[in-house]
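One chain, chain A, links the two complexes that follow: it is found with chain B in the first and with chain C in the second.
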Partner chain A sequence: MTNGQLDWRKVIRTGLLVGVVMVFTSAIGMVEDFDERPVVVGILSLGFLALFWYVPRAAYKVGDEEVLEGMEVHPPTFQNVIAGAAVGAIGGVVLSVLVFAVNALDLRGVFVRLSPQLVKTLTFSESAADPNLAGVLVLILISTVLGAVGGGLHLVSDKLRRQIVFTVGAVVVVALLEDVISQILRTFGLSALVRAIYRDAALRLIPAIVVAALGFFVGGRERGGESRIRAYLADPDPTQRTRKSLFVAGVVLVIVLVAPWVLGSLLSEILATTGIFLLMGLGLNIVVGFAGLLDLGYVAFFAVGAYTSAVLTSPLSPFFNPEWPWWYTLPVVIVIGAISGIFVGTPVIRLRGDYLAIVTLGFGEIVRITFLSDAAAPWFGGAGGIRNIPGIPLGFDTISGSDPEYIMYFAAALVVLAAWVSYALLNSRVGRAWTAMREDESVAEVMGIDTVRSKLSAFVVGAILASLGGALFSAKLGSIFPTSFELLISIVILVIVIVGGMGNILGVAAGAVVLIGVLGGPRQPGLLQEFGEFKLLIYGVILVYMMLQRPEGLIPNIRRSRELHHEELSQDAWLGATPSEDTAGEGAPA
Partner chain B sequence: MVSTAETIQRIRRSRFNWVDMFLNALRIGAIVFIAVGLVGTIVKFVGGEGPSAEAWRDLVVGGLAQGAAYGLIALGYSMVYGVLGFINFAHGEVFMSGAMTSFFMASYFFDTGLWVSNFVLALILVIISATLTATIVAVLVERIAYRPLRDAPRLIPLITSIGVSFFLQYSAAFLFGISNKSVPQPPSWLLSKVDLFGLGWLRLEATKLLVIAIAVVSMIALYLFVERTRTGRSMRAVAEDKEIAALMGINVDRTIVTTFAVGGAMAGIAGSLWALLFRGVSFDTGFLPGIKAFTAAVLGGIGNLVGAMLGGVLLGLFEGVGPLLILDGWGIPGVSQLKDVVAFSALVLVLVFRPTGLLGERLSEDERG
Partner chain C sequence: MAMLEITGLKKAFGGIQALGGVDFHINEGEVVSVIGPNGAGKTSFFNVISGMFPPDEGEILFEGENIGGREPSTITERGIARTFQNVRLFPNMTILENVMVAQHCRTKQGIYGAIFRTEAFKQEEALIEERAKDVLSFFGSRLMGYRFDQPAFVLSYANRRRLEIARAMATQPKLLLLDEPTAGMNPRETKELTGLIGKLRDERGFTIVVIEHDMRVVKNVSDRVVVLDHGVKLTEGTYDEVSTNEDVIEAYLGRPAGSES
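Then we have the complex of A and B:
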């Protein structure tokens, strides 16, 4: 939509993209799997959402106008609706090609999920015998209408647009968080209300309307709560800002302390997992976010901590089993974590950033394979791992994985410790050295910073936090196996840090809650258990999307985001100085 | 009075000393470890224990064949690193896409009978389709994920490539199923051993010879392409200095796409060879070979094409022979499980001993930093 005219090439391209996205979600089996999960009884299923969510979004985006300084802004016209409808229609046609292809050819030999069942789901028909032409037409029609709605969002006021988005969002969120909401209501003895709202985990029609109305109302208020928090936190004075962050953290802490008793054990389990990952995220944040060293083998320290604790506590540890109480192992875990941090850090410290990434990845794999091998089996039990790890003795009781509420408290305590360590370090001499080093290593060195020592200290602090996490992890699980420490965990922790906001403690917390709490850890369930097997795919998509659109993360570290957008800032300054034509390079990320 | 310069020198020395000491200890430790292991193995061999000479020969050939595949993959890493200066983690998944395509094509030809009736033609078609798929995947990834990040800080595209790698890996898992797919058996003449040069003792498995031969041919083709053609020259120019290359009238974007395409093609060929060699493909096939191929690229000197090929072959050899040659000498049980440990240790040792690789790296000025 440049110059107020329909740009048909862009429309066609977007339409094809929409079609490809829809075909992809169908082909990976997402539509079919999610179709069994209703959102609003009898009306809307999660499969429908998974299939069509991208249509209105892309249709809205196709009408976006790139407005540069000095260019005229065109008011949105009815053409937006046409463009959106066209995008939807093209996408629908692409999808219907898939339907016919699945019907005509047997593609199941290659694409396992392209089955007649998928055709049934897509064409809303009961039998898969013949290509249901009416169903295909309905499919295209829905897609077109959704596209037109998406394009039409340009025509309404900003407020109404936000209200519409909030309405849809509220219904989806309330339906998907059925577990939490019904659990909370049941804790307060409102089981009748739960039955009134939900049926088969989906919203009933009337509650859905109520929720939608609430969403509409909330969206219509002047400022959303989220942006108010952001404004509250984005105080230009750094001491004020950190003080405010601490206040928010305190509130969160109180909520966390009360949470397990309100939420029941399944949700406490999720919270405990989130806590352990958050702890490691904070540790990795020191290494990656503060010191700028990309460590892809972070799980190695986690494994070292877990195995140290397991060997010292478990009676079944094959080689050495002093059967210490969990508490006594902590100093040993810290020392061994620190030593392994030095051991991994020293050889790689002078390498280029990306070499460091691959070497740490190698170390992570070395540790895992060593624990797994027969060669080390006499010490660490090989593939059988170490079992029978007693929990955490508390005098009156022993806490283990069967009491997720208490494990969560331990995780929360360690998280607070890690956050405090991060915070204190960041504002210390060594923290400033990290920042300087991250921004420009040579300059930092010339200014008298001992880069080797700074890098190593980052590695060591990170390693200690991860090994503490490992110690807690082993007490929680009761038995550990080398397969629990695969590379995936390193990557997931990295995703937490990056999605949340590198270098920002609060950001990492947000990342852990969103990814581990909501989507779930690599092997652990999250709130949205529906996403179960697809979550790793979604992790990948989120990672790429964040890097392309918002490399500074959800809650950015201000300095870090300045570093990342430095090019654009200078470009903007230049644009301001000389308003000229054609300056939007294809590449510059928005 | 001591001059300021001397003081700085002294501080520097005192600061860096203990890291150097650690590194030296590591170097000496590694050499001693390898030497003792070697001696142990030789003593065993002379004493008639351990693998026979024939077993060693097969290990070497197996290592070379696997190394040839590593070398082909390593070329893609090396070229992309030379031109754009970041590790393209997703390259392993490009390789996997080639291996996946090989599996599907091979089973298709097996069903239609071509695989048995005219194996050579079937194999050529398999390799061509795998190459095409891998090229398309590599180019698409560049277009969608990396091009918008041309000017971003260097860790950003690296992290992006991790995301892309995840995405491709799990897309393959969901699209094609997570089961391990067995590639149909090649005809029996390919599975039997060939007596090379009629020497009697040089009896080698034909599959592995074929794999090595195809890899060598592709490598030579690539080398000629990069060194002799106009496109190859512009690739080298872009690797040297993007800005000046652009000023000289080279289309930098197109050259970068070509780099990805050529790297992807090599990975596709490697995928076919891998499918032929191991006859099993799954969605995570690309992960370990990808990382090892990067190791190979570093081993040979990143940005250096001959280095990548040499590094791949050496790494494959080391991985094939190393566990038995060194670890067995120490009397460590279950050494074949430690194959990957050997490969990753090789990476660490290369970077400790010679971070610029065996043949020296070839990078542009701003990528060395």
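Then we have the complex of A and C:
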């Protein structure tokens, strides 16, 4: 909106975009699949949530005014509502065109999900052959109203807007986390409460209203819990600060120890998977985030660790099967991981940037294909992999994938180890050399840093952490196959690091929890199992969105974030400082 | 014996002969200025000595050993440190870190010490920090105190130049190569830095080669002046000898009109 006037071209453009998003969501089958998952009983299904969520968002966005310094700022007016409604209406019309197109033309040959069933869902009608005109109108009407509401959000105060967003968010989150919440409640013997809140995994109406009210209340508070913890930890007195940090760490530890027993085995399984991916994320963070080496073949070290541990423990390992207990394999895994880090690192380390990424990508595939090959089959079992990996002996019992609670403890222990290694190295001579190298490699070299050695050490530390992850992974699964170590894993781990916040330990943790814990790993289920096959699409959307809006990640490393916003910051710095006049004249000798 | 002895140094970039056979020497404790018009090859001269580019021909003897074509990190370890004409700090590292990281080649704790926080590691870290602060204190209070934890990019231009010198000092070199240390400074800052260059030699014992355009600085700091033009050494001598040399004046100003021979 410029000059306080409606910019109709922008409105139409946004409206068409909304329409395209809705058509896309329908055409890939998301609406239909998710329609089977209700969010609030009888009112909202996940399908319609996926279909319509973008309408109010875009309608709000269309009214955003570009604020330029020194320019007049126009207060939001009723026109925002009109613009929003128009966006919604245009989007709705585009979607209804799809409904008619599906009926008139047979598109199923190309778009298999454009089925009569979709039309039925979209138009709320009983039969697809006769599209319910009223249903189509309702569709457009809903879209328009949502658009108007989105636009209208400009008119309310910031606080109220946040409260509204929290209200909607709370209902959606509580509904989607039905698994977790009902499991926790059942653990405490509150099955009756579960039945009172949920029906068919969806919120009942009255609890939904209660949750909405809670969300409204929480959204109205000034400061979130996170900033409180932060303020609590930022004690100026160092001894107090250490004590408080230890206290918080202790609380987290107790939560981690208790969690598997409260959450049940399904959720522990998810946590264990998250832990393994987090461990690898921390390892890759050292390579990419600290040393600035883009490694796209990171899964190679994961595979090496898993196979090393499998060969040494499994009685079915084809060539060499000493049947060691899992514990004994750890030193070997560390040594072999380090050796493979040196082995992969040495030839590629002199390459910079993109070239390094491409070559490491190749190495990742080479490792997988080697394990798959017939030539190596006598040692590693080829496509059949290695089975009967016994798990982790613990005196009283042997821990394997069927005890995800214990696997989670192991994952947590390794994550703590990786976090400590990351932290300790970053604040050391080695870590400073990595940072310097990332900032300006040739200057780092002139300042006496042997960059080849520094890079290699980052590679090796990363490789060791990944191979430890592999060792735990093989014990957890009980059998490993070359297909478990595909390129996708490398990419997912990299996405965890990027989305979470490169170079920041907490950031990587956030990335792992959001992507692996909530959405699920490439083959592992997450909390929201509903997303199923759309998981990778959502990964992509998150990645693109983060790259555009928040390239430094969810919880950024301060330094990284500065690098990414360097221009703005240095401009500010220059404005703040008083630059001295250039007096270096090209004077001739006197 | 001279500390640094260079004979017949050549370096070409494609068809451009940046250095066409330069002879140069500097004795311990000397301050030598390298001057010359733009494009004379002064910075290339530094780049080749510091190992950023290998020489095409010629010898660079540092304390009797040929260091031509060695890795930059090795050359720094031998005891040559430099600054850059277009200040190249690690902008997002703090001021203290910039100086701490420069001690890399003088320290040796590795991954093991860092992870297990051994006594040796802690002692070395403390030493690194102490040395860093000592080096920064050379510039008075400008880079001290609250500045330690600020990122380098917030510094003013003159302070960035100072920090770069501090970073070079932190590598504990014998020979310092300063590439236009006063470029972009105002007259007062220039004067102050001129004094500091003298102090670098007298108090800290560095031998210094300095590329400089400001002739007042050259006059005040140099024991000897070397003039480069088009990649070759035009002349050398004391400031007074050089500044009255016909060839030098010609290189800077061109021939007087009508003096065509």
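Keep in mind that, in the parts below, the second predicted complex is superposed on the first by the 543 of 590 C-alpha atoms of A that agree within 3 Å, B and C clash if a C-alpha of one lies under 4 Å from a C-alpha of the other, contacts with A are read in each partner's own complex, and residues count from 1 in each chain.
Criterion: a contact is a pair of C-beta atoms (placed from the backbone, for glycine too) under 8 Å apart; a residue touches a chain by one contact, two chains touch by 3 or more.
Keep in mind that what you see is a predicted model, and the values were worked out from it rather than measured.
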item: Which of chain B and chain C A:210 touches, first, second, both or neither; value: neither
item: Touched partner set for A:190, first chain B, second chain C, both or neither; value: neither
item: Touching partner for A:6 - first (chain B), second (chain C), both, neither; value: neither
item: Touched partner set for A:252, first chain B, second chain C, both or neither; value: neither
item: First (chain B), second (chain C), both or neither touched by A:449; value: second
item: Touched partner set for A:201, first chain B, second chain C, both or neither; value: neither
item: Chain B versus chain C, judged by how many residues of chain A each one touches; value: B
item: Footprint overlap on chain A, comparing chain B with chain C; value: 450, 563, 586-589
item: Chain B-touching residues of chain A, taken from the complex the two chains share; value: 24, 27-30, 109-113, 292, 294, 296, 346-355, 357-359, 361-363, 365-366, 369-370, 372-375, 450, 452-453, 487, 491, 494-495, 498, 533-534, 536-537, 539-544, 547-548, 551, 563-564, 567, 586-589
item: Interface residues, chain A side, partner chain C - complex; value: 420-421, 424-425, 427-433, 435-436, 439-440, 442-451, 457, 461, 559, 562-563, 566, 569-570, 573, 576-590
item: List of chain C residues in touch with chain A within their complex; value: 35, 37-38, 50-52, 71-73, 76-77, 81-82, 84, 88, 90-93, 97, 100-102, 104-107, 109-111, 113-115, 117, 121, 124-125, 128, 151, 153-158, 167, 171, 180, 182-187, 189-190, 213-215, 219, 242-243, 248-249, 252-253
item: Residue ranges of chain B touching chain A (in the complex, touch as defined); value: 15-16, 19, 22-23, 26, 86-87, 104, 107, 145, 147-160, 162-171, 173-177, 287, 291, 294-295, 298, 327, 332-335, 337-338, 340-341, 344-345, 347-348, 351-352, 355, 369
